[in-house]
Amino acid sequence: MDPVPGVFEGGANVVAVLVLLAEFAMLRAQLLRTQVRLYAWQSLFVALLAVLVAADQGIPELYVLAALSVALKVVIVPLVVLRLLPDADTDIAGSGRFGVASAVLLAIGVAAFGLFVINSLHFAKSSLPTTALALAGAVVLVAFVLMIVRSDVVSQAIGFYSLENGVSLAGLVVAARLPLIVEVAFLFDLLVAVVVFGVLMKIHHSRTASLSTATLTRLRG
Amino acid sequence: MITLAPPVVNALQVLTIAAAAPGISGVISRVETRLQGRRGTRVLQPYYDLAKLFRKETLLPDTASWVFLAAPLAAFTCYLTVPLLIPVLTSYPLPLGYMGDILGGGFVLALGSFLVALAAADSGAPYAQMGSSRAKTFSAITEPTVLLVVFTVALITTTDLPYALARTVRSSADQIVRPAHVLAAAALFMVILAETSRIPVETHTGTNEFGMIDEARSLEHSGPAYALLKWGSAMKQLILYTILADVFLVPWGLASTGRATSVGLAILALLGKAVAIGCVVAVIDNSFAKLRLFKITEFVAAAFLLAVLAVFTLYLGGG
Amino acid sequence: MGVVLILLVTVPLAAGIVALVAPPRLTRAVTVGCGVTCFALAVSLVGAAGSGEVRAARYLRVDALSVVFLLATAFLYACAAAYAVGYVTPEKGEADFPRYARRFYAGLNVFAWSMLAAPLVNGLALLWVAVEVTTVVSALLVAIEDTDGAAEAAWKYVLLASAGLGIALLATIVMYYAGSQVLGASYELTFDPLLASAAGLPAGAVRLAFVLAVVGFGTKMGLVPMHTWLPDAHSEAPTPVSALLSGSLLVVSFYAVLRYFQVARAAVGPHFPQTVLLVFGVASLLLAALCLLDQPDVKRLLAYSSVEHMGILAVGVGFGAPLALAGVLLHVLAHAAAKGNAFFGAGVLVRKFGTKSVTEIRGALDALPWTAPLFLLAVLALSAFPPFGLFRSEFQIVAGGMAASEHALAAVLVVLVTVAFLGLSLVTTRMVFLPRRHPRPGDAALQRSEPSAAVAAVARSEPSGWMVAPMVAGLVALVVLGVHPPGDLTDLLSRAVAELRGLG
């Protein structure tokens, strides 16, 4: 069996697993606020990992990045989404194409595929254990499952945001020393995307008076 | 200093579990009622209940067969066997501990549960049969979870003996922090909540038959058989808590030698750990609502997910 | 020359800000002026980039490859700005037209700005940021019409395109990782150092990054099977925006794929990247050609034609021969002009006849004396008829395929282009040539066969001269590109091909 990971690696892997578990929990969320709060928690875990990497590798810019991403993803994005849809029917339960347990089993299969595929690639020199990279890939794939299985705009939007979280996690593993200005550019891009998603969600909600995308079947072929 | 021979310590393990089990149930119900702001039941109340039940007569349904009377005794025997296999008091394996590994222990527990369900189905009463079929349905998902937890144990220590896992966990801090260990412990805790019929799977108090799963299986029994059933389920609860505490979470405080004082301290440590876990369960009981029946699949699917992730992270070499 | 780059980056953004505050007439004039200026600036770069790089500030860089895409975008920007003068009118029935016009022109300018910025930025990371900005701005523009279809199309578009760009971000990170093995742990993903050290990059990581980039940026480019947002978004957006989407945005995403191709080719050799592109290209061509045979909506038809052309571009790069690569870059320019023309014509048809359905538009030649022939010529150009530029470029691609010994795939390309031609031309000739028939009393046969053609006569007039002028300009460009491309342009294309092959 492989050698036991050290305390830092074990702790980092636990936080990465928590990110993946938050993604799975989104498959189950039945209220709009629950989805948004799960996203906030997931972003908090990713920021926590950034702080861990910064402390371990001595990269002071990552502290700034962690602070910025907490401000943006944990505070501003949930606020924007919840403010834009204040009168929405907050219950989005039952919007899945199949039930929660089936979706979780499907997502387990998909995540297993991702975990094993990424683990079979070899990455030298990374600042977090490569298990975290495999978990990041699993987060991306389960985010796709979330976007596919759920047919309401909030889950799909949160699915996209959590996909970006997964990519940030992957970036923390293999590209921790990406110049700060580039990372800040990514973050503000995400903010703009959030605003646009919010505007379109609001348009959808005002046109169809619901959050469900089951009615979006006009354009086909 | 009195040194106890290993067989004596082995017997002491069984006696401790058997004697302390109703007490732990009593502590949990007292903590729960106190948290609700009530005066609370006596801690020793389950003992008085058992004593009362042993004095009562047994009534059988007309359609019951010998299974109905034999099953509680057989299940109780199973529950007496398992403490021989797991680290209850000592950190070194005891002679009868090689009779079965943790997989064997899991199987014996499942056998006990199955026998009780069989007796309930034999009784012919509708609620008992409903509880029996429900319990077996949900155990179809919880059993794979337990197996996966066992596999995690096996993958970490390359052996199935729970003593070895306890020794590994004690060895260094990084063993506690590794994700496979954390995930397996979390999965086991969720399975324990399901197996000991606690919130969010079932309400332990009250008699709402439509919501009962495990509780309904013992509805038709009476007298000493019923006492054995209640005692057996209390023992199962304490056994599961012991496995969680002594193998996964806090494998410290176990006796490393056969000296009487260390064994005595180990008994106290075990009771303390079980009470602590019981308090956590009581808090959960008071904080969450029972899940609707078909949402319980989501709960056990979550436990399954945690166990699967435990195995995967181990297999990927980083956990 | 560096000043040109800075101007290109700032002028459209300034126009966008002006559009937010100025009255519509001033906004229109500023937008058209800005479009023409940007095109002139892009043309002025042709000579300079033909001989070397041009840099400005720390983050702007232009080489021959970038200028090709700048030309395509700037040309369509100018045409779309002129077209919009005639298209965006109060007669569209907007309740609050000034507000709509303000949002439209601001969006148009900012959209063009983002598309101009993408070929200008130095580095893969900033390139991703620029493409993401194009996505969000264009999503708002697609949703600007107040219809159910537009809302649906915008939601599908933003979700799919953003998810694709998430994959592309993963590609950027993996490429950063690959570079960090050679260039050190902390560096900016600028092109020159990356290309210079390409030989030392770890092969596995580069391959993974390339595949992720093709999937991610290919979503925005319209490669099958990630193309499903394309017909919806391009058909529901306002026509000038559709033209920009098809003619410029798809090729800007293609530019991003080309940059990854450049690095991958230098790092792991040409075989793997070309095979990946061939797979996606042939799939796109096949699906698009088949879907073109049965489309009920004229703008959806043109959208599928865009998918087909993006497939041709991918296949051309997949062939890899210098002739094919030159054909690909010429195709980028010619396709911009032809697709722009086609969409402009379709927009006039829709405006005139009040419907997008191809079975209901009849007798366009009678009703629109200028637009209908121009539209027909644009569709013929899209089907690679001589003497238009697309014929020359597709000929070069096929010849390059033969030169690269990919005979079977070149044959497949020709067959599928012919199938696409069939689909396009059937619809277009029916729309243009079949007369509108006025119902006589008791003409039951007509009512049965074409109930929608039996409507009141349509007046023979062009809705607006502003909508015709860009089409004429596009036609001139197509003929020039097809018959005799200017010498400077051919030099630019050769230099770009050399850069792609790692010899520049």
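Letters A, B and C name the chains as they come in the text, with residue numbers starting at 1 for each one.
The rule we apply is simple: a contact is a pair of C-beta atoms (placed from the backbone, for glycine too) under 8 Å apart; a residue touches a chain by one contact, two chains touch by 3 or more.
Please read all numbers here as calculations on a predicted model, not as lab measurements.
A.B. asks: Based on which chains are in contact, what kind of graph results: line, ring, star, complete or other?
C.D. replies: Its topology is that of a line.
A.B. asks: By number of C-beta pairs in contact, which chain pair leads?
C.D. replies: Answer by contact count: the chains A-C.
A.B. asks: Measuring from the mean C-alpha position of chain A to the mean C-alpha position of chain C, what distance in angstrom results?
C.D. replies: 31
A.B. asks: I'd like the Å distance between the centres of chain B and chain C, where a centre is the mean of that chain's Cα atoms.
C.D. replies: 66
A.B. asks: Just curious, how far off is chain B from chain A if you go by their C-alpha centres, in Å?
C.D. replies: Chain centroid spacing, chain A to chain B, equals 36 Å.
A.B. asks: What residues on chain A touch chain C, complex-wise?
C.D. replies: 121-125, 140, 144, 147, 153, 156-157, 160, 163-164, 167, 170-171, 174-179, 182, 185-186, 189, 192-193, 195-197, 199-200, 203-204, 207, 213, 216, 218-219, 221
A.B. asks: Touching residues of chain B toward chain A in the complex: what are they?
C.D. replies: 155-156, 158, 172-175, 177-179, 182-183, 297-298, 301-302, 304-306, 308-309, 312-314, 316-319
A.B. asks: Using the touch definition from the top, list the residues of chain A that touch chain B in their complex.
C.D. replies: Per the touch definition, chain A meets chain B at residues 1-2, 4-7, 9-11, 13-14, 16-17, 20-21, 24, 28, 99-101, 104-105, 108, 111-112, 115-116, 119, 129-132, 134-135.
A.B. asks: Provide the residue numbers of chain C that touch chain A in the complex, in ascending order.
C.D. replies: 125-126, 128-129, 132-133, 135-136, 139-140, 143, 148-149, 151-156, 158-159, 162-163, 166-167, 169-170, 173-174, 176-177, 180-181, 185-189, 202, 204-205, 208, 231-232, 235-236, 291, 294-296, 300
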